[in-house]
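Scroll down for the structure; my scribbles are underneath it.
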Amino acid sequence: MTTSHMTTSQKIDCKNLILTMNLIADHVKEVARELDIENVSKTINELLKAKRVFVMGAGRSGLVGKSFAMRLMHLGFTVFVVGESTTPAVRDDDVVIAVSGSGETPSIVSLGRIAKEIGSALIVITSNTDSTLARMADVTVRIRGRAKNHIEGYLERHMKGEYRTLTPMGTTFEVSTMIFFDSLIAELMVLLDATEDDLRKRHSVFD
Amino acid sequence: MTTSHMTTSQKIDCKNLILTMNLIADHVKEVARELDIENVSKTINELLKAKRVFVMGAGRSGLVGKSFAMRLMHLGFTVFVVGESTTPAVRDDDVVIAVSGSGETPSIVSLGRIAKEIGSALIVITSNTDSTLARMADVTVRIRGRAKNHIEGYLERHMKGEYRTLTPMGTTFEVSTMIFFDSLIAELMVLLDATEDDLRKRHSVFD
Amino acid sequence: MTTSHMTTSQKIDCKNLILTMNLIADHVKEVARELDIENVSKTINELLKAKRVFVMGAGRSGLVGKSFAMRLMHLGFTVFVVGESTTPAVRDDDVVIAVSGSGETPSIVSLGRIAKEIGSALIVITSNTDSTLARMADVTVRIRGRAKNHIEGYLERHMKGEYRTLTPMGTTFEVSTMIFFDSLIAELMVLLDATEDDLRKRHSVFD
Amino acid sequence: MTTSHMTTSQKIDCKNLILTMNLIADHVKEVARELDIENVSKTINELLKAKRVFVMGAGRSGLVGKSFAMRLMHLGFTVFVVGESTTPAVRDDDVVIAVSGSGETPSIVSLGRIAKEIGSALIVITSNTDSTLARMADVTVRIRGRAKNHIEGYLERHMKGEYRTLTPMGTTFEVSTMIFFDSLIAELMVLLDATEDDLRKRHSVFD
């Protein structure tokens, strides 16, 4: 950073850091509690039936999608990330998974529209079940964004009413979705009777 | 997927999925509890003093590093991801952050060595404080990988002793590191007196 | 590849390969001959005045854009690739360069529209000066796609009238644009009095 | 750019730009003339026999590799770029193509070594047939880097002996390799009897 930086070291107690880690962990537990099992079950069935899976998202949601795609590959799925070099054309028997907290990310909305025109199944992971993406989806899985306990948690710390959002923009959605995806992998491992060793065999030898 | 897939839908109870979400959330709380505040404080001081920050990691650790780099940019830092197109040469007054669960990822070890030769500060985020990367680091932050309660949690579910790792390979490290980084952003927001609106102004208009 | 592959080796004379290399080289010379110097001059002036440069393109055009962005960084420009992790919000005093052979790539058209709304300068590199992107551009540089001599060249080889396009889809546009960009770098080196050594100093130490 | 920039527009004649385009085109023709047909023929045979193809390179060489991988996918090959999200583990019946002008890029040398340990075929595209990568390759294709006529061409323009390299670092290698790869695609199209339409069907619908 530039001008406003302190040049001498200071001891930092990291209280906000630890508070935020716990807030996020609590949020994840809440997301797990309120998960719509029926839609998640549909999602898993779509994945198991899919010939090929395509994952897409913008910004940090896109990175979370890539993390999921990598594990699907480890599990033996034929999976592609939209925007990477060797991703082929989507066909009507493919499953497309879109990740967008707001459900309104313009590039992902426009890609979702193309996927529906082609006739592929569209699964949307979003905080906003009333969004453009959710409305065009075959299956929508809602992952809560902002934590319910957001204001209270901070009020405790910022007694004088000075309030600051410590998980800016899509942070809680993105992190919760990453954990949701990794837990979906766990469910798939059991359903497909795959072990960690099965996954390790497909792990890039170059990393 | 290919041959072994079921072609008819089945109702899936998602118990393994929800179990895993809770295991990961508990793991994150444990990571928060055992965090070495002194090294995290040093990390923050290095970031605040840095002219430029470089982030690197392979595979899913690399994606988590990118998520962090994006938020540092939102906060106003001059930050680059090693391997992206416009990342310049590292200099001795730069800070390099390496993410590697094992601390032995060959490509990252070799990049870490180059960073030390140049004289830049090297911060290593790893599960393994006894690794090659940790040994060459100026500051090491340990993020526990495998959860302590891993075996117990699964034994409950897989009564007959049939044990399966539901968070394969680096999963818990990667997810915990993502949350650690996002919580580091929270701490930096307070230290730099930055609001969510300050971050939003730098958020890509194209996503 | 799969079924149709020959399993025994055969001696291949590479005549189509060498023909295509020469066709592309001739095409590049033709592109150089018909270059609109006035618009290229405007492009260079925009780059020299820009506080920051943003480059964007989809698919292979995007890769060519990244190659150019990397060299601009070597020359000392502050330059970002749209879609990479640490690319900030575009502002009105930035220059955005869009690469699209057809000038109709949906994602790039929609990003171009956003750039114009913000008020940044939009430079479009395209084969199609009558396209949506060209019409919204401040400066358009035309790089011819399909070669004039395409049909003749192949007729010679495929005597019996059997014609095949050996530079499929955007190939000639993409390759010509890469060479145009590298030659623009040469012009900038002279204008800024930069030597190869100046560029080398900024070259990633990690490659 | 920053301080040294002119703030008023100037008319630029683009002579260096046009000179460089022609120099590069001439260089490509020379590369075509001196191509070692036997090694290119071996390369094509390896590709046709391969179950899967992996492409790797750092920096601009990596971007050129991605361009090639994309076209191989359009042609129906099963192809991956090392470092992208869904790239699986390399096996002994895979073909790995490494792109490195110097043949000494540390990360690519180390990946090449891993590929050889696994037993996959290693094809190296390089300017330097005496390099570490070339020595471990099963097949090496040499693409000349610096142009023979480099000095003469510039002497003409820079009469007073003031010489400047207008194609800095790997520029001519990278551009020539891109054209070589695209021409290899042309050869494969003829061998596999594939038309432009066949390729278009696999082109990403999202670009």
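Per-chain numbering from 1; labels A, B, C and D assigned in written order.
Operating definition for what follows: a residue touches a chain if its C-beta (ideal position, glycine included) is under 8 Å from a C-beta of that chain, and two chains touch if they have at least 3 such contacts.
These numbers were taken from a predicted model, which means no experiment stands behind them.
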Note: of the two pairs A-C and A-B, more contacts are counted for A-B
When each of B-D, A-D or C-D is compared with B-C, the one sharing over half of the residue-numbered contact pairs turns out to be A-D
Residue numbers at the chain B-chain D contact, same meaning over half shared and different meaning under half, come out as same
Whole-Å distance, C-alpha centre of chain A to that of chain D, is 35
Between chain A and chain C, the Cα-mean centres are separated in Å by 33
Distance between the CA centroids of chain A and chain B (whole Å) is 15
Going by residue number, chain C touches two or more other chains at 63, 66-67, 70, 74, 83, 85, 107, 111, 203-204, 206
Among line, ring, star, complete and other, the chain touch graph is complete
Within their complex, chain A touches chain D through residues 56, 66-67, 69-70, 72-74, 79-90, 111, 114, 118, 201-206
In their shared complex, chain D is touched by residues of chain B numbered 63, 83, 85, 106-107, 110-111, 114
As the complex stands, chain A meets chain B at residues 1-2, 4-7, 9-14, 16-22, 24-26, 28-29, 31-32, 35, 37, 40-42, 44-45, 47-50, 58-60, 63-64, 66-67, 70-71, 74-78, 105, 107, 164-169, 171, 174-175, 178-180, 182-187, 189-192, 195-196, 199-200, 203-204, 206-207
